[in-house]
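Please read the structure below before turning to the comments.
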Amino acid sequence: MPQIDDAPEAPAAAGVDNAVSVRGVSKTYGEVEALKDLSLDFPRGQLTSLLGPSGCGKTTLLKIIAGLLEPNSGEIEVNGQPVTGPGPDRAFVFQDFALLPWASVVRNVAFGLELRGVAKPEREEVAQKYISDVGLGGFENAYPHELSGGMRQRVGLARALSVDAQVLLMDEPFSAVDEQTRRKFQEDLLSLVQNENKTFIFVTHSIEEAVYVSDQIAILLPRPSRVLEIIKPSGFRHKGADTIRRDTEYLDIVDRIWASLRSYVE
Amino acid sequence: MPQIDDAPEAPAAAGVDNAVSVRGVSKTYGEVEALKDLSLDFPRGQLTSLLGPSGCGKTTLLKIIAGLLEPNSGEIEVNGQPVTGPGPDRAFVFQDFALLPWASVVRNVAFGLELRGVAKPEREEVAQKYISDVGLGGFENAYPHELSGGMRQRVGLARALSVDAQVLLMDEPFSAVDEQTRRKFQEDLLSLVQNENKTFIFVTHSIEEAVYVSDQIAILLPRPSRVLEIIKPSGFRHKGADTIRRDTEYLDIVDRIWASLRSYVE
Amino acid sequence: MKVYGYQLPAMSSLILWGLLWEIVGRAGVTFFIPPLSDVLYTLYTVIGTPAFVKAMSETAYAFVVGVFSAVVIGVPVGILMGKSRLLDELLLPWVNIFLSAPLTALVPVLMVLFGFGMKSIIITTTLFAIWIIILNSRAGVMQINRSLVDMARSFGASPMDAFFKIYFWAALPEILGGIRIGVIRAVKGVIIGQLLISIVGFGALFELYSTNFLMKHFWAVLLVLFAMAFTISELLAYLERRVSYYAAKR
Amino acid sequence: HAAKIKIALAETPSDELAAFFVALDRAKANGLDYEWTAFSDEELAIQAVLSGQMDIGFGTPYAAMQKSKAPIRIIYQLSKLKFFPVTSKKYSKLEELDGQPILLHSRGGGTDSIANVIEDKLKIKLGKRSYVPGSANRIVALIAGQTDATIVDLSNKNKLVKQQGDKFNVLPMFEVDASDEALFANLDWIKANEKDVGIFVKALLSVYQDMAKDPTIISKQTDPNGPIGQLPKEILDSLDGFYKDAIEGGLYDPNGGGRKAAKADMEWYHAAGQLTGELSSLKIEDFWYLKPLDSAK
Amino acid sequence: MLKRSILLKLLSAAIVFGAWEIAGRIPVSYAFPTFLESMSALITLTLEGTIFTAYAETLKPLVVGVIISAVLGIGLGLWIGLSAKFDWLFSPIFIVMQSAPLAALIPLLVMAYGIGLTSKVFVVCIMAMPVIVLNTSGAVRNTPSVFKEMARSFLASERDIIFKVIIPAASPIIFSGLRLGISAGFIGAILSELKITPTGVGDIITYSRSIADYPSMYAAIFSIILLAVLFLNVLEKLENYLFEGNNRGYASD
C-alpha cells in the first residue's frame, strides 16, 4: 500500500538511521540569500529527491553536504560525524558533468580512484565495469568532445559509482540523456537502491521522475530556500515500471506536488 | 474523440493544405549518413513533433527546412515554393540558443527585425511585447551571460516569435527550462496553435510533451533517419491540461510510442 | 586553399613569394634586394664558418636561456595569479604595464641594473617573452570550469594533485598560445638586445653587414633567423592544435 | 695574478678596430689576460665603466667625467676626430653651408661638436640639424638625395669618393687634434692594476708606431682566427687600403695622444659645449692619467 | 571593492617606486638615478615644455603608423579570415613579418625610405600590423557558426553578417590584437628614434645619456611608458564602451 507520510516538522523518529542530516543551514552568496535555516534528514539506504524551482539552491545544498562549500551557519553530519570537507564517504555527480576534456573516458571514470592512489591496472578494471554498466562499452578511449551530451553525463555517473561511496550526491544526473535512456537509468537506479545499502540524494526537475524513484521527496521553496514539505511516496516499487504510470495513487501524488510547486510559477 | 491515424506511407490526402512538405531528402556529413530518403508533410496551422533518439538527425532536418543546409538529394517545398535558402516565412528556435553575447536581451529579441530593416523604436516595441510574453520583463537590458540557462532559451524563443513568420521551426525549445515553466510554455504554445494559423515543427525528447502538444507526431528511426510512423493524437485539447494526464487514451498513445522507441534503446 | 581539388599545404605560398623576390632581385630594382638565389648561395658559403657558428650559438644560447626562464617563471606565476586574488591584484597592473610598455626604452635601464653583456641580453629576451606568458596562463586558469576544481576536491585531490592534474591541463591551451607569442617576441628581444646592448651574435653580424653594405650576407642571416622563428612558432602552433580539441569545451 | 680585464668596445669589431686587436695580441703575449664586449655605442661603454661592470672603455667621456661622481680618467688616445664635411655639388666651401640644413650623427656627439666648432671658427650659423647615427647611413642618405650636406668619417668618405666621387664634394676643413675615441678607466681600478695597464698601453703604443711606418703590418699581423680574421673576405681585403688612408689622413697619433691630445680635447669639448665652466680652470689631471703612457715611451 | 583594488594598486606602486628609490640611493650604479631625482627631472622637462615638443615629434609617426596599421590590419585580417585564397597567399607573409627582427631591418628601411617620417611610420607599421592582422583573421575564422547560421535564418545579408555578427563576435580578439599591436607600435616608434634619427623622446634619451644627465634620461623613459599605458587604458575603455556585453567580468568571483 502506498503511504504518504506528511510531517515536515516532525523530528526524525527514533530508530531511523540517518546517513546524512542537515541542521539549520544558511548560505548567502554576497547579496543573494540562497538557503535559510534549512534542516533535512536523509535516511540510510534510501533515495531522497530534492524538487524546487530553478535557482532555489538545490545545487548549493548538495555542495554543502559534499563539503565543497562552507555554510554561513548550521551543521551537517554524515554518519554522525560533522562535515569539514570532502570525504571518501561521499561521491558527487555534477550537474555540468565536470569531465576532464583532456582525458579519455576510461581515465575520467577512473579519476576518482586515481586521486585515491589506486594502481593503474586495478582502477582501470573497476572503471571498465562501470563503463559497461552505463552503456558506454566501446567508447573507453574516446574523449569527451567526441561524445553526445547524454553520453558525457553517463561518464560522470560512472565516475561517481566507481569510487564506491556510501552516499551519492546526484545533481540532475539524467537531464541530458534522451527519454529512452533516461527510463533505463531510472530502473538501474532503483535496483541500486534496492540491492546495495547506499544513500542517494537526487536533484531533478521532473516530478514524475521524483515520484517514481524516490523514497522521500523534499519540496523546496524558492530562494531563500527552506523545506516546504516532505512527501514519502513509498510502496510503488513492486508495481513495475510499465503499470505504475497509470496508477491513480501515483498520479495523485504527482498532481499534489504539481499543485504545490505551481503556486511559485509566474 | 481522439483518433489515431496511422498511415506513414499514405500520400497527403487531397484537400489537406501542407505548409511544408519534404520529399525524399537525404543528407550525409562526410561518412555519416544522417538522413536517408526522408519524406514528410507538415499541414498548415498544425503542430508536428519529431521524436527520435539522440543523434538521429532531427536538427539536421530542421536546418534543411530552414534553408540553412543543402540536402544531398530530395526537395523541400514551403507554401508550394521550393526552398533555396532562408526566407521570411520561416523562423528558427535554436537548440543551443544562438544568442549574441555582446547584445542585450532586447537587442537579441529584436535582432530578427533589425535584419529586416525595421526601425529601432518600432522593433523594440515588438520585442518588448514578446519579452513580457516569455516572462522576462525587467531583464531587457541584461546580457545573456547574466541569465540562467532557461532564461536564455526563452530569449531565443521570443526572437523567433517576434518576426511573425508563418512556419516556426523549434529545436527542443523547452529543454533547459524547469518543469513548472515548461508546463506554462506548453499551454502558451497550444494557444498559439489554436489562435493563429501558424505551422509549428517541434523537436522534443519528451514523449508526454509530444503527445500533449502535437497534432501529429513523426517518429524517426536512428541514423540514417527515415520516418518510422506518424501518429495523430488529435482531439485531446478540449480535455484541459489538468485532467489529460490521467486520460487512458492519452496514456495509451504514450505507451505505444514508448514501445516503438524502446526497441532502439540498448 | 584547394586547386583542382588538391589541398595546397598552408605555407606553400611562400614559394610564390620567394619567386617574386628572385624576380625583383634579378631585375635589379635596388641594390639592397639581391636575388634570392644569390642570398641562398651566400648562406651556403657562410653557414659553416666559425664566425657564423659562433654568432649562431651565442644567439641561440641567449634565446634558449631567455625563453626557458620566461616559461619557467611565467607559467607558475600566471597560474598563481589566476588562483589568488590578492596576488593578482598586486601584480596584474605591472604585468599589463610591462606587456604594453615599449621595452626598447627600458633596455638602457636594464643594462644598468643587470649588467652588460650576455646577462642583459638574456634578461631582455625574457622580458619580451614573459608578460604574455603570464597573462595567458592567468587567463587560462581564470576561465577554468569551477566544477572541475570542485570535482577534484570532492574526490579528495591534494593541492599538488589539483595543480598538476587540473589547473595546468585546463590552462594548457592558453599557456601554449602564450608561449608561442612569447617566443616570437623573444626573437625580436634577442636581436634588440644584441643591437642595443652589447653587439654579439646575429646582432653583430647584422650591424657588420649593413654598415658594410654586404646585402647578400645580411639577407642570409635574416633568412636563418626567420627560419628559426618560423619553425619554433609552427612547432608550438602544432602543439596548440593538438590540445585545441578540448580548448572550446572546458 | 690579477683577474681578466674587461674591455668595453663602442662598436662591433670591423676594419677600424683591426689595429686595436693587433695590439691586444701583443699585450697578451706579454701576459695580459683580457676579454672584450662590443657595445652598440660609446655612451653604453661609458655607462658600463661607470657602473664598474667593465674595466676599460672606449669613448670620450668628458661630460661623464665632469658630471658623475666617479673618477674616470683617459689613458690613451685611440683616434682623432677626423671627420669630413661631404656635400652634393651644390656647395664647395664650408662658408656656403651658412643657414643650410645638415645631417649629423647625434645630438651632443662628435659630429655635433665639429659642427659647433665650424660655426664658431667661421662665424657662420648652420641651418636645421638632423641626426642619423652611423656614417654609412648618412652616406646612403646623401646618395639618395635626402640631404645635401653631412659630416662622415674617414672610411666612409673614402668609399664615397671611390664610388661616386664625381657627384659629391669633400669640403676642405681645418685640422683637429681632439680625440674621437680614447681608452679610459676608473682611476681606482687603474691604480690597482698598474701592471696590466702598463702592458696594455705599451702594446698599443708599439703597434701605433709600427703602423705609422708600415700600414700593411695590420693585415699581416691580424690573427686569422681572431675576431678580425673571421670577418668576411670583402672587409679583410680592404684593410690595407683603410690603414694607408688613415695614416695619410692623420687619424692615429703614433704617440698615443698624451698631453697634447688632452689639451686639444679640453679646448675642443669646451667649445663643443660638453665641458662647462671656465676653460682655464680645467685641469689635465682631472681628465687624463698620463703615467702609463709616459712610462711606456 | 573598488577602494580595495585602488589601495592595492597604490601599494604595489609604492613597493616598486620605493625599491627604485633605494636602488638609486645605494647606488647600484653611478648611471642609475633615484626615483625622486628622475621625477624632479620629469617635472623640469615638463615645465620647460621640452617634453611636449618631444612628444609632438614622437607621436607623429606613432599615430600615423598605428592608424594605418589598425585600419589596414583589420581590413586585411577580415579579408584573410573570410577568403581561403587570401589566407593561403598572405597569412605566411604576416607570420614571417611577425617574427621579423625589426631592429636589424632598420638599416634597410633607411636605405629604402630615407630618414624622414616615412621610414618611421614604416617601422611602426611593420611592428604593429602582423599581430593585428593575424588576430583579426583568426577571430573571423573562428566565429562560432551558430551565430552565422542564426543570422542567415533571420535573412541577414553578407554585409549584415560581417558587420553585425562577425565583427562584434571577433571584437575581443581584435581588440587584444590592437592592444598588442599598439604596444608593438610604441616599441617601433622608440626603436626608430633610437636607430634611425634621434628626434622626440628618443632624442631626449640619447642626448641626456650622451651628456650623462641620467635623471632626465630616466624621466623620458618613465614618461613614454606612462604614455603607452594611458593609451592602452583609453583603448580598453573604448572597447568596453563599444561592446559592453563582451565584458564578462572576473571568472573566479
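As written, the chain order gives the labels A, B, C, D and E, with residue 1 at the start of each chain.
Please note the rule applied: contacts are C-beta pairs under 8 Å (C-beta built on N, C-alpha and C of every residue); 3 or more make two chains touch, one makes a residue touch a chain.
All figures in this text were calculated on a predicted structure; none of them were measured in a lab.
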Any chain that touches chain E and chain D: C
Shared interface partners, meaning chains that touch chain B and chain E: none
Chain pair bearing the highest count of C-beta contacts: C-E
CA centroid of chain C to CA centroid of chain E, Å: 18
Approximate Å spacing (C-alpha centroids) for the pair chain B, chain C: 51
Whole-Å gap separating chain B and chain D, where each centre is the average of the chain's CA atoms: 86
For chain E, residues contacting two or more additional chains: 28-29, 31-32, 107, 111, 195, 209
Per-residue multi-chain contacts in chain A, two or more chains: none
Shared-contact residues (touching 2 or more other chains) in chain D: 47, 51, 53, 134, 136
Touch relationships between chains, expressed as pairs: A-B, A-C, B-E, C-D, C-E, D-E
Sites on chain C touched by chain A in the complex: 145, 147-148, 150-157, 161, 165-166, 169, 172, 243, 245-246, 249-250
Chain B-facing residues of chain A, complex: 53-55, 135, 148-150, 177-181, 183-184, 205-208, 242, 245-246, 248, 251, 254-255, 258, 261-262, 264-266
Residues of chain D defined as touching chain E within the complex: 43, 46-47, 50-53, 61, 63-64, 67-70, 103, 106-109, 130-134, 136-137, 140-141, 144, 146-147, 274
Chain C residues touching chain E - in the complex, by the definition given at the top: 1-2, 8, 10-14, 16-17, 30, 32, 82, 85-86, 89-91, 93-94, 96-97, 99-106, 108-109, 112-113, 132, 142-144, 181, 184, 187-188, 190-192, 195-196, 202-203, 206, 210-211, 218, 221-222, 225-226, 229-230, 233
Chain C-touching residues of chain E, taken from the complex the two chains share: 4-5, 8-9, 11-13, 16, 23, 28-29, 31-32, 84-85, 87-93, 95-96, 98-105, 107-108, 111-112, 131, 179-180, 182-183, 186-187, 189-191, 194-195, 201, 205, 209, 217-218, 220-221, 224-225, 228-229, 231-232, 250-252
